[in-house]
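What follows is a set of structures to go through.
You will see subunit A twice below: alongside subunit B first, and alongside subunit C after that.
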Partner chain A sequence: MTLSAKGTTAAAGAPSAQPSAQRARILRAGFQYFGIGAFYLVILVAFAFSTQHFFSYSNALNILTNVSVIGIVALGQTLAIVSGGFDLSVSGVVPLGAVSFALLTNAGIGAPLAILIVIGIGALVDLINGLIVTQVGINPLITTLGTLSITAGLAYTLSRGVTIPFVDLDVGILAERPFAGISYYVMAFLALAIVISLMLRYTVFGRMIYAVGGNREASRLAGIRVDSLTILIYVICSALAAFAGVVVASQLLAGAPTVGVEAALTSIAAVILGGASLTGGLGGVGGTLIGVLVLGTIANGMALMMVPAFYQQIATGLILLLAVGFGRLRAVFTGE
Partner chain B sequence: MTHLLEARGVSKTYGPTRVLSAVNFTLDRGESVAVIGENGAGKSTFAKIITGVIRPDEGAITLGGTPVSFHSPRDALRHGMAFIPQELAYCPHLTVAENILLGQWPGAFGLTSPARVLARAAEECRRLGIALDVRRPMAGMKLADRQIVEIVKALTRRARLIVLDEPTASLSEQESRALFDILGRLAKDGVGVIYISHRMDEVYRFSDRVDVLRNGELVASVAPSKTSPAQLIAYMLGQEKEDFIHAPAQASGGEDAVIELRGWSRDGLPPLTDVSLRVGHREVVGLYGLRGCGADLVAEGLAGLHPEIRGELALIGKPGKPFPTPLAARRANVAFVPAERKRDGLVLILSVQSNLSLLILRLLTRLGVILSGQERSVAAELAQRFDVRFSRLSQAVATLSGGNQQKVLLASRLARQPTLLVLQEPTRGVDVGARVEIHRFLGQIAQQGCATLMVTSDLEEAVNVSDRLLIMREGRLVGELAGASKTQANAIALAAGG
Partner chain C sequence: MTTDNRDAASLLADFRHGRLSRRELVMGLAALGIAAPLATGLLPGGSARAQDKKYFVTFANVLESGELFVQLGNGIENAAKVAGYEFKRYNNNFDGPTTINNARLMAQDKPDLILEYNGVEGIGEALKRIFDDAGIPFIAINVPVPGGIWFNLVNREIGIDTAKVVVPLAQAKGWTAADTTVIILQASAAGVEVNDCIRYFYITAAEAMGMTPAKPEDITALTTTIGDNLIQVDGKGVLDTSYTTVKNALQTLAEDRHILLYSINDDSVIGAWRAITEAKRENNTIVAGLGGSVAALKELRENPYWVAEGSVFATHWGQYLMAMTAAILGGVTPPPLTKSPQAVLTKETVDKYYDASGQVKLLPPLVAENMYLKDTGILQKFNNVEGLI
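Entry: the complex of A and B
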């Protein structure tokens, strides 16, 4: 019997090659996950020794406060990336959320209701994204690039290109710090992280996100409603981005069309730093949080060291390439 | 006299399997040779070795008397040897002319022009007497025409020898005829043609000589006029085994058909024409045919992948239409084990446990939250029942062997007892031990009351594992074998149309 030499010889040669490639991918992701954690410890120690005010409760809180906006966006981005897609439109949804929140509250709508409406607007944007990606079949890069441009444009149109200050400063309630200097939005960020982490790990929905990201066709054949799932993930991602927009507005006590335009690239960078793969199926909230913290801490530490802000961008890019490249290099050295 | 091509003692081994052993082969100018053999006999490997796609472990190849050793298909092409594989590689968005002249555009100093490319390609087609509209984009051409483009492409590079790997598998009758006309003309002009096939009618229509491969050995080399289809089949199968006939366990399927297909038809390639069949309780029905016969379509149709299929589908007596989606098939409790386990079956980067529970996860939850203890015990039980060998349940499926992956796939589909189990190539690419076990599982599952439809291109499996064996050819059911008539020779004779 000559099983391995079936009519399709391609299939005969492949089996040994493919699993090991997959194995290497898993190893790489795991290594990156721990590697980035170790790397984070290193930069913490480095900054603690090189700057005076770095290692303090108030500065830790500072970092947490500064990363909340991008963190909330990155949580949604994690879902999109694990499921095998990604969402660029968050860069338009964050400013749109900020501007809408300012306009709504200035029109006399109470903050809680305004927050809900803004989240609804965000959800609607990505309902459209999801429908285009799954039903029309345009790939996520182009689709979300299109809606990014539309939502960013809408934010400018609605605000006529200028910053809209809150008339009633009390609507910035999210930025209040009721407990030990921790603001409501930091709490919201941490609570969302916990909820999404549990959801990914312990619910059918979460498991399906990994399954669809790991093998979309196999998931479809297994009877998973791949399209509805994809749409839902986009909706959650964008609702979170809109909420992040509310947070930015609350921080600034104003809605500006210029805030959060870097959200897409920074959030994707954070998720990838945390060990996710752009091909889907890998990654998680823990990794994303570390990714977000690495980026936030470097920005913070460099600011404390009086390094000009432009260098921070360069540093962010270098770290992303190093972290991902390092995982690859190791794979090269260990063969496969 | 020197032969155009001579291969001496060509051998190739993959892992423990010797795919080709000491094959000697010659081809003269203008000669057409058909190479036939069962699935897995080594035909495709042979074709790939003589055309430089893969390298032999041992043996020598001479071309026009000079020893050659090809490093790549490109190298082989430079020596005048062209390979037309089953899966064609081309640039879909470029025109036919661009594809024909790909990499050797006419012009000088790196400059060329669309007009020159068109003119040169048209001239080549005229020279070869082939009618092709060279201005059309490749993506808009029919498969048959794309193959012809590949042939023209090879000949513009002055190929003296063309090797085709089952080119007619997805072609209609007329298209096949047209292809053979062209090949016949080329042979008259002195081009050598090697033609991998397992269809008897073509062998008789076209070739000067038939070479038969069996288990990697060349067992016969005869002129078609001096042999018969029955003799060729005997060569392909070798000595019949004693315990060949496997008595049907509990032949049924008459009255209490679990599933009944009536008049399944579909246009397009491959087509389906009026396929009707039934599968009963406790019955394993095999569906066998050559590549492109449409058997895969029947399996995929039952899995909800081909909503375009017309006809009826009755499940436990309830008449209905073929399933429109995979979800509909799953809701009807039809389990589908696809042929490509890595592409369509498993989520390789997820754990053994997650893959085992993927289809029944909703049953293991409370308020949407997975009960992880239950999930683990169900997965462990399934793994044990199907003898999956692994070190941890949290291990990624990618790290398992092919046989164990296939068992995980099978177990995940059988986590809940299905009404109907549809399998495609259930043991492709698994080791011999796992193959035996999987066959045993299929018997057990049938005993528990499941109806099983097994689509396979593995002749031995088709004959030995099924209670009844249905044969398809060119989209039609052409025969049913059971009891003493269920032999490998009968099956392949029906499938090959000999």
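Entry: the complex of A and C
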């Protein structure tokens, strides 16, 4: 496989035989993970000293619970962004998934089958996205914005705009906590993170994602079926968003068309915080996880400190800008 | 009387020749002191009784998506049919330019009266100018428009009435200001009026239970706590954010602390309640909802901790608006605010107003200020208002 220089060096997670490339990769990884990791540690220490309620097992679980939904969406978004695209339609797929799950289970369909159907619905949405982006050639921004509107509208239509409580509360099985207060959906989130991380780092498919994100044309010339890969990435992204919809419905024991509407922007923010680049070829699950945790921990810590919601929004925005600035610094130091 | 009639006749002639708008005609007749039945009898197209008039009414809905707004719009359209009025409907789409454009289109329609549900508060003056230029009277629904006759719920009163239900139940359990915290969920972006319900809920509860007192201006969008007695979070009126914010807030409260939970709408309360049950703190909580949604009514009926539910019967606003239309065009000057029907339901009263499927079966009696609606005879056509059946 022959890739352009950009395509090769941009693959942050892909190993290289060249010493200089290896050095650049380590430096980049250092900035990417340790930088945001150190930043996260600073946040943890600051909140631990600022509010007595922060540093406890129950609050740690609380943070994990709170970030699970957006975390699952962000895993899919990581794939999309690393490959050089992004997916706004997740903001419609999450509520569509939540509403569909509530409707299906209320109609008597068992939770496992309902979950599979919902994931299938999500996959179908981004199959359409992928086909439009690759075959029609419409920009991902416009395409996924369009499907965002359609899926959000579908969620409202199916639910008639109201919250649909579960008739049988047992279908919210994902919210049960079988071990140490940790719910099944938190476990599912962590398991998915591990699987996708391994896939990105150690499989040909994962390396192709970095390659396509690094240089789409070079990847095509190298024999990668770029269009098929792009469609598959969108399908995975949307399937994960639909599953996140199931998770949020399980959390709330109800489906509603208003849930998850900020999923797109928050997940993109988390992925970028984690060191990914909107131009593609950079990023990884580790960074995304830390990005998600940073956003969730800041929201939690400021809530415990009783900081008004408006200030929380400002702080989150400032942190995102800081992270982007940090990314520019990284580019200077690594010569990208 | 003869002189009056001759003047009225000349007013009517001017109206028929387009030299006078309907509103000017009505105001002129009212200035002459002519009784409403006579005035309505002078208007073309029907008998002397307001309920038998066939008016043309246009309505711009704030938004035609989301069940609440769609049902509200459908309710108004259906009420127009029952009242026998010609009706045309527009969608403001929660958007300023669309609202202004619709206002111009409605003015072109030359209806007898316009029902304006505008969601963009700052464009009121522009709307007023369009309607005034066209000489068409209008009713502003929910959001006030200068010069318009205002129809709205009163969030302040719902908050006060809900607290009056909740507090005695808390006191009966032996809860006091020393061991109780009120958690209220605001929707900061919705503005002051919408959040009045939660502010006045706390103010009333605080006064009754001896909690840290507060004035309305003490509880703003930026307020997060008042002593140990109030925690305000921003649930944004949606399920998932309410769940998350209350989960966080519970971390700061001792396990044995009692909680009075209330929010600006049912979705928000349901999300918050889920956080309470997940934390296994329902035994220490009393909850009240607002909205009268099917899910919340089910909770009120079945959940022992859910003790009150505020309802504004929005799906039935249409019949009140048709009665207002008849009254205004009949020469009546309404009060500055005509209150929508509203009631705080309890476990004892819920079945009186709602059936098991969550459909309204009875509306509360007219408040004193709204008695002018009774005289139009319109509400009686619907046969569902307590005291008018």
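In this text, the second predicted complex is superposed on the first by the 294 of 336 C-alpha atoms of A that agree within 3 Å, B and C clash if a C-alpha of one lies under 4 Å from a C-alpha of the other, contacts with A are read in each partner's own complex, and residues count from 1 in each chain.
In this text, a residue touches a chain if its C-beta (ideal position, glycine included) is under 8 Å from a C-beta of that chain, and two chains touch if they have at least 3 such contacts.
Nothing here was measured: the structure is a model prediction, and the numbers come from that model.
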In the overlaid three-chain picture, which partner chain does A:Phe205 touch, first (subunit B) or second (subunit C), both, or neither? first
Touch test for A:Leu158: subunit B only (first), subunit C only (second), both, or neither? neither
Between subunit B and subunit C, whom does A:Leu131 touch in the aligned arrangement: first, second, both, or neither? neither
Between subunit B (first) and subunit C (second), which, if any, makes contact with A:Ile182: first, second, both or neither? neither
Quick one: classify A:Asn66 as touching subunit B (first), subunit C (second), both or neither. second
Would you check which partner chain A:His53 touches, where first means subunit B only, second means subunit C only, and both and neither mean what they say? second
Touch check for A:Ile173: first (subunit B), second (subunit C), both, or neither? neither
Considering only the touch criterion stated at the top, classify A:Gly214 as touching first (subunit B), second (subunit C), both, or neither. first
Subunit A residues contacting subunit B in one complex and subunit C in the other none
Applying the document's contact rule, which stretches of subunit A touch subunit B when the two form their complex? 1-13, 15-16, 18-19, 22-23, 25-26, 202-205, 207-208, 210-211, 214-215, 217-225, 281-282
Would you tell me which residues of subunit B are touching subunit A in their complex? 14-15, 17-19, 39-45, 48, 86-87, 166, 215-216, 291, 303, 305, 326-327, 329-331, 336, 338, 342-350, 354, 358-359, 361-362, 365, 368-370, 372, 396, 398-400, 402, 405, 412, 427-432, 435, 457-458, 460
Per the touch rule, the subunit C residues reaching subunit A in their complex are 65-70, 188, 221-225, 231, 233-234, 238-240, 243-245, 247-249, 251-252, 266-267, 270-271, 274, 278, 293-295, 298
Spell out the residues on subunit A that touch subunit C in their complex, using ranges where they run on. 51, 53, 56, 58-59, 62, 65-66, 69, 153, 156, 159-165, 175, 248, 251-254, 256, 258-261, 299-300, 303-304, 306-311
